[in-house]
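Just so it is clear, A, B, C and D label the chains in written order, and each chain counts residues from 1 on its own.
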Amino acid sequence: CLNLPLTPSLGVTEPRISCSGELELKTTLRELVVYLIFLITLCLVTFGMVSTNMYYLNEVMSRLFLERSSAEDHGIDFESIRNMADFWKFAEGPLLDGLSWDKWYGNTTSALQENTSHIYYENLLLGVAQVRQLKVRNNTCSIYPYFQNFTKDCYSTYHYIAEDKSDFGLKNGSEWKYTSARSLSPWYWGAAGFYSSGGFMFTLPKSKEESREKLEFLRQNGWLTRGTRVVFIDFSTYNANVNLFCIIRLVVEFPATGGAITSSRIYSVKLLRYISFYDYFLASCEIAFCLFIVTFIIQEMIEIKKLKMAYFRTVWNWLDLLLVAVSILAIGFNIYRTMAVSLLMEKLLSAENIYPDFYFLAFWQILYDNMIAVSVFFAFMKIFKYVSFNKTMTQLSSTLSRCAGNICGFAVMFFIIFFAYAQLGYLVFGPQVEDFSTFLNCMYAIF
Amino acid sequence: CLNLPLTPSLGVTEPRISCSGELELKTTLRELVVYLIFLITLCLVTFGMVSTNMYYLNEVMSRLFLERSSAEDHGIDFESIRNMADFWKFAEGPLLDGLSWDKWYGNTTSALQENTSHIYYENLLLGVAQVRQLKVRNNTCSIYPYFQNFTKDCYSTYHYIAEDKSDFGLKNGSEWKYTSARSLSPWYWGAAGFYSSGGFMFTLPKSKEESREKLEFLRQNGWLTRGTRVVFIDFSTYNANVNLFCIIRLVVEFPATGGAITSSRIYSVKLLRYISFYDYFLASCEIAFCLFIVTFIIQEMIEIKKLKMAYFRTVWNWLDLLLVAVSILAIGFNIYRTMAVSLLMEKLLSAENIYPDFYFLAFWQILYDNMIAVSVFFAFMKIFKYVSFNKTMTQLSSTLSRCAGNICGFAVMFFIIFFAYAQLGYLVFGPQVEDFSTFLNCMYAIF
Amino acid sequence: CLNLPLTPSLGVTEPRISCSGELELKTTLRELVVYLIFLITLCLVTFGMVSTNMYYLNEVMSRLFLERSSAEDHGIDFESIRNMADFWKFAEGPLLDGLSWDKWYGNTTSALQENTSHIYYENLLLGVAQVRQLKVRNNTCSIYPYFQNFTKDCYSTYHYIAEDKSDFGLKNGSEWKYTSARSLSPWYWGAAGFYSSGGFMFTLPKSKEESREKLEFLRQNGWLTRGTRVVFIDFSTYNANVNLFCIIRLVVEFPATGGAITSSRIYSVKLLRYISFYDYFLASCEIAFCLFIVTFIIQEMIEIKKLKMAYFRTVWNWLDLLLVAVSILAIGFNIYRTMAVSLLMEKLLSAENIYPDFYFLAFWQILYDNMIAVSVFFAFMKIFKYVSFNKTMTQLSSTLSRCAGNICGFAVMFFIIFFAYAQLGYLVFGPQVEDFSTFLNCMYAIF
Amino acid sequence: CLNLPLTPSLGVTEPRISCSGELELKTTLRELVVYLIFLITLCLVTFGMVSTNMYYLNEVMSRLFLERSSAEDHGIDFESIRNMADFWKFAEGPLLDGLSWDKWYGNTTSALQENTSHIYYENLLLGVAQVRQLKVRNNTCSIYPYFQNFTKDCYSTYHYIAEDKSDFGLKNGSEWKYTSARSLSPWYWGAAGFYSSGGFMFTLPKSKEESREKLEFLRQNGWLTRGTRVVFIDFSTYNANVNLFCIIRLVVEFPATGGAITSSRIYSVKLLRYISFYDYFLASCEIAFCLFIVTFIIQEMIEIKKLKMAYFRTVWNWLDLLLVAVSILAIGFNIYRTMAVSLLMEKLLSAENIYPDFYFLAFWQILYDNMIAVSVFFAFMKIFKYVSFNKTMTQLSSTLSRCAGNICGFAVMFFIIFFAYAQLGYLVFGPQVEDFSTFLNCMYAIF
């Protein structure tokens, strides 16, 4: 019982039935209570990031831009685009209608600002929308001798190496000249390729009439060519009522097989914080969270010093390190995000007719949210560490540890069979069924 | 065998293999028979509340008001409402068509009463329909400095505190003046809020033409504003053929994100009783049921007096008390319902152009039906108490009681993992997938 | 070993390890072979009754009459009938179009007989189609005093007792006068009632124009009244290519709740036999089958005489008796069917403009087919009797017989809980969800 | 330890704990490594055959020819064909539109070759499309005496024996004269028959206008008769971008029951190889694969010579033989395919207006791909042979081998019950439900 002060405070993994049992139980219980307070703070902070409004904002936006409206039927909607002519019909019809809401539905005078577009009357269109395409060069694939009489040109599937970066068409504007990708912008993983973030781009003017003329001009001058492999339509909105940005990306891929494949990303994110009282409450939770993290870091460092390499042998300690690392990353990203939004907004306020690239910010925000969600999941798992003094609780873990060897052997056998089935599915059903069209889909479908 | 008179008559839970076994078995069998008679009476009373006609009434009503009719195509149906303009189109088109059936389908003279509307020729529209909206005040949320140049107004999501109760528009009728909620009316739990039962309300005149004019007048005078968060359309019908009321509520929410979310409640309830011979048979069952309940109350009181605190240690006794409590509540509600319907009907008979609020009655009736259904479920479970003299029957319960400790330990572990998964689902999929859009939905989906 | 001649030849149920083991095994094997030959004969006979053409005939017929044709759009199809006006639209539009195919699709002269209708050019319409309605009397339910000012009439749900059999309308033809049901015609089990086979009926003339005029005349004279509860449309076709009758019944119920519920029965049956060579092969199988049955009957009678009451204690013997009984019934029905078809056809050949009631024949044929199918299933099960000399084969049955007591106890508990859940589902979800709309549906859904 | 040289190098199935354990382990490990290299080569070769582009090519082609286009609505699409008139509508409308893409979507001058059709601008139509029908003779079935007054003609379901090969109509071209089947062409397994590959055939001219005139001429001259049982539309395209052939067959069956059943086959196959660098890499893998196969053949022959009949008692050896046989077949088919394509292409280059029959090649290619896929699956399974020195790995196989007897007994019982259920399902649900419409479907559905 004398060695009690020496037992590590955060390393209790196995139930020790010692003479100091009762004292130890008290220590563990105190630790459990402290950990639960930390967990509640963490949950408050993370749950403050999402709200049900995000779902509804995504929902109404996808209804407006992706589904066919019964009221004004253009004969086409986004998901029924099948070739380039359909794309122009969509862009000049449903897209422009969805972007331009310049007056209130009745005869009443509009209470909204001049020269701005409020989608559904509540979502301010930030700046203007951007259209961007990526092309591949001619002769990026070789034609078999038999067919050289019939087809002279050959445009391969999209690949960064095959990308066409040379000027084309009228050669006198950004829509005919290649613009390089920004370093931070994420590439887009489409159905038929992994697309870079550069390309031939233009913005749609604020006025609906001007936009339609611009689109018609580009259509007639052949902006979409046989080499075009993908077109992106990007725009962002801000809803002041619920303090949410909605970043929308509509993607039409024109694969080398002909036809068109559509996809879309609609992200509702909370990029601005600290407006309402609830936000300030969250801010105080965040400060408490930072304090907890500092305490944890000190505690872990003391333990590492004391236990040296033995520290890294316990799985709980790895979990502690992971939580600390994720927390530091989270704090860092929060600071960066606040700065980036501020810069973008200032740029937007100075010049109205530019496209503000919130997409890369939304992309990282979503990734960050998912990372945090996984961390909170592991933080929940850590409760097991503290309840392991109970006998029932340890049954599961001890059972698992004893049959680990057999499970490994079984896992090897399982994965051989699993891969065998996956390749069978890919080879046999791959060309016919969407679930088996790539090897990754295949493994997912079989799993 | 001498302590037989002391054994409680309704507290036999464990098989006692005593010298008085045979005598006891007889007692138990007699009790079982009495209990089965009670159960049959109870089933007759509860099954008398519902009928297959309820399902068909709900079905034909939802087809008429929610689905698009192929015959008269207005280009809009209830479920495709996406903004306020669509709402007016629905109200002036399918809604008015559905409410007004003033003549028989052929050229034959109508056998129906003048100045009344019989939906599907069989369902009398009770009084008139009511339309009601709830609004939120301007500036109930704060706009971030960046956006104050673009948007001056800010209407938050609906919350009772943010509700706008001030007059607006023409300020000269109930449609422009706030009416407070009645105390008993239930609030409505919509997708984007929990709505009070007050609001700005108006009724639709009996004549289709007048209704259309009124709706057009309100549309042009801007009855729906940017602050409008929800509109309710309420009406009730009575079908004399099957003696059923049908209470219909169509709800269009206009969330702070823009767009519209539709939902509906269609309740077919039997509010009037004792018309047909079958009803009188049910009435006699109800009297038998009351007698049973009185007997039970006396029995239980005797036992409580005899056993004192020991009485509350057996789970069967708690079940007895629950059944008695629910039964008394049920009898009370029946008396109240009969009186409330009578009052509403008298009011309606004196003045035809009012909206009779059957919705709150239907709401409580449905809640009451569900409560009764759960009680009958427990009453079925009580049979196990009487069949426990059989050895096979007790195996299950004894197995359960022995592993109770381990099950509790497992339950704790299960719920930690369950909550961890639920929060993971909410944070990761919440903004995209409807099943995960609220934390409750999330837990339900994972469960 | 001396009592071998006394062992029953068809009653071997338990493996007897006796000195006469080998001899017995041989007997059993010989019996098995004989039984397998019988089974093959039986399978040939039953499989000769059905063919894949039946499925395709049902499929093309249901497409023609139930689904909306894209070519000629009448704005209505059978399944979207919602009220009486819709019914007339369907009858005067898609129904008449489906029934009348008087010329070949091109300009070529028709090779088909004058004055007949060949649906899809291959299915001869037998006689004419019949339309039949059932009504209920006025005042078959009582109106609550409150509502007697609003509605004078009350037509209850359909019940045989409430049926209206008095003349109505013009009172001068079978469409206005009640015709009683034929004794053999099956009643129709609809969604909202169990309908008798009598009613007010009329036939549609062969000419499309005359049919349309007749339907219009009936519509304008109010043939469908508020008391109408169901309308049946019946007709039959014969396909000479595949020698199949197709009997079609379209049902529109007008429940007391208002609105309409549609259902249909399309039966393809082989009522005529012995045309092709394959049919003659089947006929020889049928003769073989009859001989087998005669042998079996004699065998069983001998055994009954020998064993007396002990015979009825073995479950295999009951199976034998069942098979014999079903076989005799089958032979009898075959003779009756042949005679009935012959009578109907002769009647039809003498007068073309009558409706030949093949529906009752098809109904019994389908019932008979199902009965035979179940019998063949049991005949398959009987193989187990002969393979029970193998040890492995008896494991299953001996396991089952030992735990029979516990299974019974469990079954009682299971059914109490099952019924408790079923009533819960019926009371709570009954009025809203179709799967729970009747107690039978409920039990099925929970099962 | 002395008998080590005698142990077969590829026949180790059971873990032998002998004095030579370590040496043997080494041998086995070396064999495992060699086998893994072989497996990787095999995977590279087989995965080189398929690509995600195949799926997209199938997808866009089926969208174009099978689904209704929203842009140009002909009121009919392939899957809604219900009778012969619909077939002509489809052929003259959506089919011709899908086949003819003679100019670029905008006003820009076409960069494509004159007089060729590029579907979706990227898929060269190879030669012309072919339409082919199969008929049955009149009086191939007998009409029952009752009906001989109504119908004179009787055309049975399609069967090779009943096929009508005589000239008909104008009798002056391949469309009116029977052409026999080529020997290698596969028969088509349709819903209502197994169709030969001959028939009455014609090709559609390159020009859209001429095609329409030809189709109209045939329609008016009654090319489709009552005896017509199936029509095939066949054509092939080549996509130079992704080096894939797409072979399309649209099938409309007109069963003897009347009506029409549609089906289709769209095969994307890689018939030409060795164009890109990746192809050359695959070619080197193929050479490595051939070398491996030669080594294997030698190894197996040595073993067979050594072990004689004992060789055939091990299941692993059978697997080896299977792999070797399939590999030889694969190499042979590759050589044949290359030659066949070359011949077809040369024929096509010399005369443009013929129909090149790639269908039979695609059919065999797909069969070959599936065979290879199954072989690779078994090749994966063979890894177990090498990992059987591990104790855990052998548990599964030893468990299986011990209970083989009982499993066999159970299997017999299972199949009796399985067949009993299958026939029950076929007899009872066969005429109504598609899943049970044939006995094979039935067994599949029950399984």
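Before moving on, here are some points about what is shown:
What we mean here is this: a residue touches a chain if its C-beta (ideal position, glycine included) is under 8 Å from a C-beta of that chain, and two chains touch if they have at least 3 such contacts.
The structure presented is a predicted model; accordingly, all values stated were derived computationally and were not measured.
Chain C and chain D carry the same sequence, and matching their CA atoms takes a turn of 90 degrees, rounded to a multiple of 5.
Homomeric contact chain B/chain C is classed as different-residue, with under half of its interface positions used by both copies. Averaging Cα coordinates per chain places chain A and chain D 40 Å apart.
Separation between the centroids of chain A and chain C, computed from CA atoms only, is 56 Å. The set of chain B residues touching two or more other chains is empty. The touching residues of chain A, when paired with chain B in their complex, are 43, 46-47, 49-50, 52-60, 63-64, 69-71, 105-108, 111-113, 116, 118-124, 238-244, 267-268, 272, 275-276, 345, 349, 369-370, 372-374, 376-377, 380-381, 383-384, 387, 390, 392-393, 395-396. By the touch criterion stated above, chain D contacts chain C in their complex at residues 75-76, 80, 82-86, 89, 141-144, 146-147, 149-157, 191-192, 219-220, 222, 226, 255-261, 405-406, 408-410, 412-413, 416-417, 419-421, 423-424, 426-428, 430-432, 434, 437-438.
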